[in-house]
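In the two complexes below, chain A is the common chain; its partner is chain B in one and chain C in the other.
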Partner chain A sequence: MSAVTQVAPVGARLRLPKVPPLTALAGVFLVVVAACALFPGFAPQDPAAINAAESLQGPSGAHPLGTDQLGRDTLSRLVAGARTSLLGPLVLGLGVTAISTVLAVAAGWFGGRTDAVISRIIDFFYSVPALLVAIVVAGVTGGGFGITLVVLIIFGLPMHVRNLRAAVMERAHLPFMEAAVTLGLPTWRVVLTHLVPTIVPNVVAVFFVTFTYGVVELSSLSFLGLGVPPGAPDWGRMVADNRAAVFTDVWAVAAPAVAIVLLAVSANLIGEHVQRTHEQSRKER
Partner chain B sequence: MTVATAPQGSARRALAPGLLRYVVVRVVSAVCVMFAVSIVVFLFIHAAPGGPEHAIGGELATEEQLESIRQRYGFDRPLPEQYLQFLGGILHGDFGESIIQKTPVATLIGETVKVTLPLLAFTWILAMGAGLALGILTASRPGSRLDRFSLGMTTLGASTPAFVVGTFLAWLFGVQLGWFPALGAGEGGLDTVRHLVLPAATAAIVLLAVTTRITRVRVGQILEEDQATFARARGLGRWWTLKHVVLRNAGVQLVTLSGSVVVSLFTGLILVERVFNLPGIGSLMVDAIHDRDMPVIQGVTFCVALLVVTVNLVVDLVCMAIDPRLRARLETNR
Partner chain C sequence: MSQVTEAVPTAGLSTDALSVWLRRADGRRLIAESIDLQVAPGESIAIVGESGSGKSVTARAVLDLLPPELVTEGDVSVGGVPFLRIGRAARHRMRGSEIAFVMQDPFTMLNPVMKVGDQVTAALRDANGRPLSRAARRAEAVARLREVGITDPAVADKYPFQLSGGMRQRVGIAAAIAENPQVLVADEPTTALDVTTQRDVLLLLDRLRRTHELGLVLITHDLRVAFATCDRVYVMYAGQIVEVARSDVIRRAPRHPYTAALLAADPPLDHRMARLRTIPGSVPAPGHRPGGCHFAPRCAFALPACSAAPVELQLTDDDADHRVRCVRAGEITLEPPTAQPGPEPAAALTTDGQPLVTVRDVRKVFRDKVAVDGVDIDVFAGESVGLVGESGSGKTTLARMIVGLTRPTSGTVEVGGVELTAGALSKEQWAAVRGTVQMAFQDPYSTLNPTRTIGSTLREGLRLAGVDDLEERTAELLERVGLPATYAQRRPGQLSGGERQRVAIARALSRSPRIVVCDEVVSALDVSVQAHILNLLRDLQADLGLTYVFITHDLAVVRQITDRVYVLNHGKVVESGLTSEVLDRPRHDYTRRLVASVPQADGVLGLPEPR
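== the complex of A and B ==
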């Protein structure tokens, strides 16, 4: 074993994957946001400390990104808000990815009646706008982060189930799949170890696309005052709370707004990069 | 097979049996969906926390108040009976009375629609017009600077919430440059148009990402087909190809796209109306949610669902009308 590793050329150890600079920056930004979400202690000041005397100040040494209407430090609130702003889209992305993969494999691999039932349900939900339903449900039940997420996950499924199902059906008749079936492997092994690995890049793409939509939709709901409870530091809510200040001091609104867009764009860029490298490697094969 | 000899005029007027069946099935299923929607909307008030009495009387209502509400609204009667009464009201355009404003919900919706409808129309024209133009331009010059630029912009557009775009436009054109009013609905006439510019631009920019990308993909596909190459080989001009090959073939997708634009516009307008303080149907909805004004939530939801179902129905029927291939498939598939 050890002899094999020594034979490997020296350069191979240092070879980094080729990543466009913009995508690399996007990755760095995601890491920073994740760090803020994990360690809210990074915040230079107490994000909830109200100081009316210092309301709506521009950037200064004490407040690098200025203060909001209640005199709270904008940078600290950005750091504290990273958790909800990241967690929601993350749960949404994982939920949609997992469920749509299961449904797509069931519909595409087993076909027949399973496919018919799943496809019919998906068709029905297809033309219903998710955010609109989430707003109505929040209105009826009195809101809550959990139920909003569930609604967004359910209504976010259709497009991805359709795309993944098409991918599954395309792979299902490749020679190695038929070989696995002919060998008499149990169905769960054929599906889990032969079929699913081939659609992993598509599944990863689904995750990043849904994450992006999650950032957009959840921050929109926060902006409308639905979802995240009042007072909680959340980027969408920060924009809504300081909206009136756009006439006097733009920093309290601009900082969270830019953070939202950067988060969504970063996820989008990385998702596109994953998809592009996958397409290239398929062409090379 | 019969394409070349298809008669031009009256002989095709009569509805073919397959098409007739399709139209009937679509209309009936749309009506069924609306009945299902009416049941769901009816159940809203029963799904509210604390039950229907609390939904109307508030959390602090006393037992006598709750009792009188129960009697007045008939919550003590069996559910099917309550539903039939609710359905009867809807069919007469009666959604009950707003708890907060004490005015009929239908009146409130009528007032707010006057603000939302022009905005919806304005935005739809902007998003479809600009999206079509950009999509066709970039598809006919793939890899050009404009193509790459619009690809970058659509990535940015898909990642930017409408309220961020709106706040930015309000700040730039309303506050910094002062070209357009940043808030309010205006006093009517030209003033209203001036007030609608920024909200409509906001909603259109967000949608432009979708309309451009879908148009770009579909037009690109058609331009790679043999018929487009053949048209070029015959020396036919760019415009002829566009009109007779691209638009004829892409018609169905573009009609579907314009329908889904209307549907997603509705969500976008809720945010846009909030950003620009417009008293439209979206603001009515959000205010009702914050005030827990259940009859208004029910009324607006039903109307929006009606709009969505109608748009989808019209889109399907228009697709049938403009694409003979779809009609032919109906006849052979039976």
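== the complex of A and C ==
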């Protein structure tokens, strides 16, 4: 009887996962964006090449998505902009996820004074509006992609530290944690090999939520001219640069705007899918 | 007092071929198969079964309170009304006024933001169908609460969280019977309660049944509760009723092998069995039930004929209303469960020499609550010591202090020569403590890390104990607790509750401790599984010379597994001594009350009602 049940999980792993069509589309879109970010050479034309004679043209054979005010090819700029549009949220997501997990585990597991110190600092940052600080910091320091990211990471922490801390506290006293302690496992091993794996679903959620917000927040800052330097191809920046011409040529604004929305929605769909599959595999076990 | 055979078809509750199916993407599975129940007004029946028997699903099907993925077939008649055939709205009106439901957890049953008095009277209307006035409601609430034994009128103005578990269950019952229903269905109403409180609630249900001519359906896993409270018992196994008879008939002369095995597996309170009887295998899940008799694969009397065709419930020859679902019912002789009182092993006590665990004047205070209040305990090598008490007695806190999971507020705890309370311990001292004492926990579902295989869980402890041949020793550990070595590759989710508890015990053994602290290790398990684990613990003690500290609220379990016992109440030891002495001749009032509260075969109802 054991032979039969033993095979079951292997079979479950080999079975092709059932992916809803919308999620599959989202996955394809993310892969395309990632490919553009990795290989900007995909751009059919030089994204920086200015051609005033061809400014604000609608879609044509030469310019599938038309051109902007300076006559630059919109499609090429979209491709080139994929890098900052993807990299920013990615760094933000990874940064927030890693730091908030460490802080939450420290606060939730050790409790007492550690918890008090971490929680008060978090409370402080909670009470400050993140985007406003980012704008001020960018204004004072002269802006820049890196510093904007640092500010957004710091202010992205509070909500997630609180959530993860609650998850940690809920699990810290489960019998199997206490059994690990009683067995004599060093604390760091209990935390790394028993506690952290149980909050993986929450950590994954943090990453995708932060990524999605990051797409929108970074685009907003670029739109305000506070992220990437002027002239650099960036989706938020593109929307800003061409907004005056929205009634003359909607494409130059709509294309990057749609790309931003698609990226955010896709990340969300993929995140949800990862969560669901994880939950399911857990149930099947 | 029970009109069993003459159940009037129009009054009370009856079900006719009531089946419950689980709808799934890959077809439907039968959960409960063609259940026929009869409850006359003023009669009480019990539906008894282990987890997976379908008893709770049946109860909910009767009330049409199933989740949407479960569908019913068949008929339910409440007071002559075809309950499942009338409209949804009509059925809703009948719930509460004709048939009411009491759930296991009295806290989830009550609205936490509504005062108790309002909940009890929420459904009441005056003669004209209008809601009652505030004053009338209040008077009514006080009267209804008095009916369930709550004499303090101030309780009506309290919120559920301000009440104890037993009080909440009383309030739940008061709310359920507020509209004078004919039938009350109670799903494990006392399972979450302490034994003394359980007795009060059972007595209350019995009194209400008589005063209100209530048909009572009691769902329970506890045979003792069923026998003590109910006129007739329906025994369910794997979705079927396998035996129906009057309580005393089933208790003295069960005819189905499953019923007999279940009775035999239930540890007796009054004597220690040399070995508890067990049932091999486990209850099959819906969709995996064998054809023919569902119990055949686990049955000692099974013949090929048993599995050939579905078995019907048939009348037996010994009693007019005794039905049994067994083709061999007429030919096999089942031993009466009480026939073989095992010899009481002489308590081999070694209470001399150096104790392994010494607890002196230990106190533990959580904020303003005193959990343990000046306790002295000694545990000597090779003995099994019970810590007995109800919830809040401090028994678990005490156990946690012995393994070093909780630090006492004051007092000393010494384990294997190391004083746990002497400030910061060195690494070597901790290692010595961990190698001396290990713990097994109550809940089989959270005792193992769900993300790790059984093997990796066991190897962790072995590695800490400095073992080299990990694979070999893992297999050895699994075999020691009665599991095949192949289980090392499994994850906890693939194991039953009893199997998980075995793994948890194996994990404790992985560090080769001298003492194992068992915190309610069998209280979440079914009776037949519990017997397996208790036998296993005894074998391990004999083979490995282990010392046990056994925490439990169940006196019958204490009788089976411990030599000496400490009775705890409100954080203090009120009585201690040899287990047999304490249980047979309790000296302290509290111990007496505890022993008297255990439902006896002859019924708690034989005892005078308190107050």
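The rule we apply is simple: the second predicted complex is superposed on the first by the 261 of 285 C-alpha atoms of A that agree within 3 Å, B and C clash if a C-alpha of one lies under 4 Å from a C-alpha of the other, contacts with A are read in each partner's own complex, and residues count from 1 in each chain.
Just so we're on the same page, a residue touches a chain if its C-beta (ideal position, glycine included) is under 8 Å from a C-beta of that chain, and two chains touch if they have at least 3 such contacts.
This structure is a prediction, so every number in the text was calculated from the model and none was measured.
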Partner chain(s) touched by A:163 [first = chain B, second = chain C, both, neither]: neither
Touched partner set for A:45, first chain B, second chain C, both or neither: neither
First, second, both or neither for A:119, with chain B first and chain C second: neither
Touching partner for A:182 - first (chain B), second (chain C), both, neither: second
Touched partner set for A:275, first chain B, second chain C, both or neither: neither
Which superposed partner A:194 touches (first chain B, second chain C, both, neither): second
Winner by number of chain A residues touched, once chain B and chain C are compared: B
Touched partner set for A:250, first chain B, second chain C, both or neither: first
List of chain A residues in touch with chain C within their complex: 2-3, 5-6, 9, 174-176, 178-185, 194, 197-198, 282-285
Chain A contact footprint on chain B (complex, rising order): 44, 47-49, 155-156, 158-164, 167-168, 170-171, 175, 182, 260, 263-264, 266-267, 270-271, 274-275, 285-286, 288-290, 292, 294, 297, 301, 304, 308, 312
Contacting residues of chain A [partner chain B, same complex]: 127-129, 131-132, 135-136, 138-142, 212, 215-217, 219-220, 223-226, 236, 239-240, 243, 246-247, 250, 253, 257, 260-261, 264-265, 267-269, 272
For the chain C and chain A complex, residues of the former touching the latter: 403-405, 430-431, 434-435, 438-439, 441-443, 446-451, 460-461, 464, 484, 486-487, 489-494, 504, 507-508, 510-511
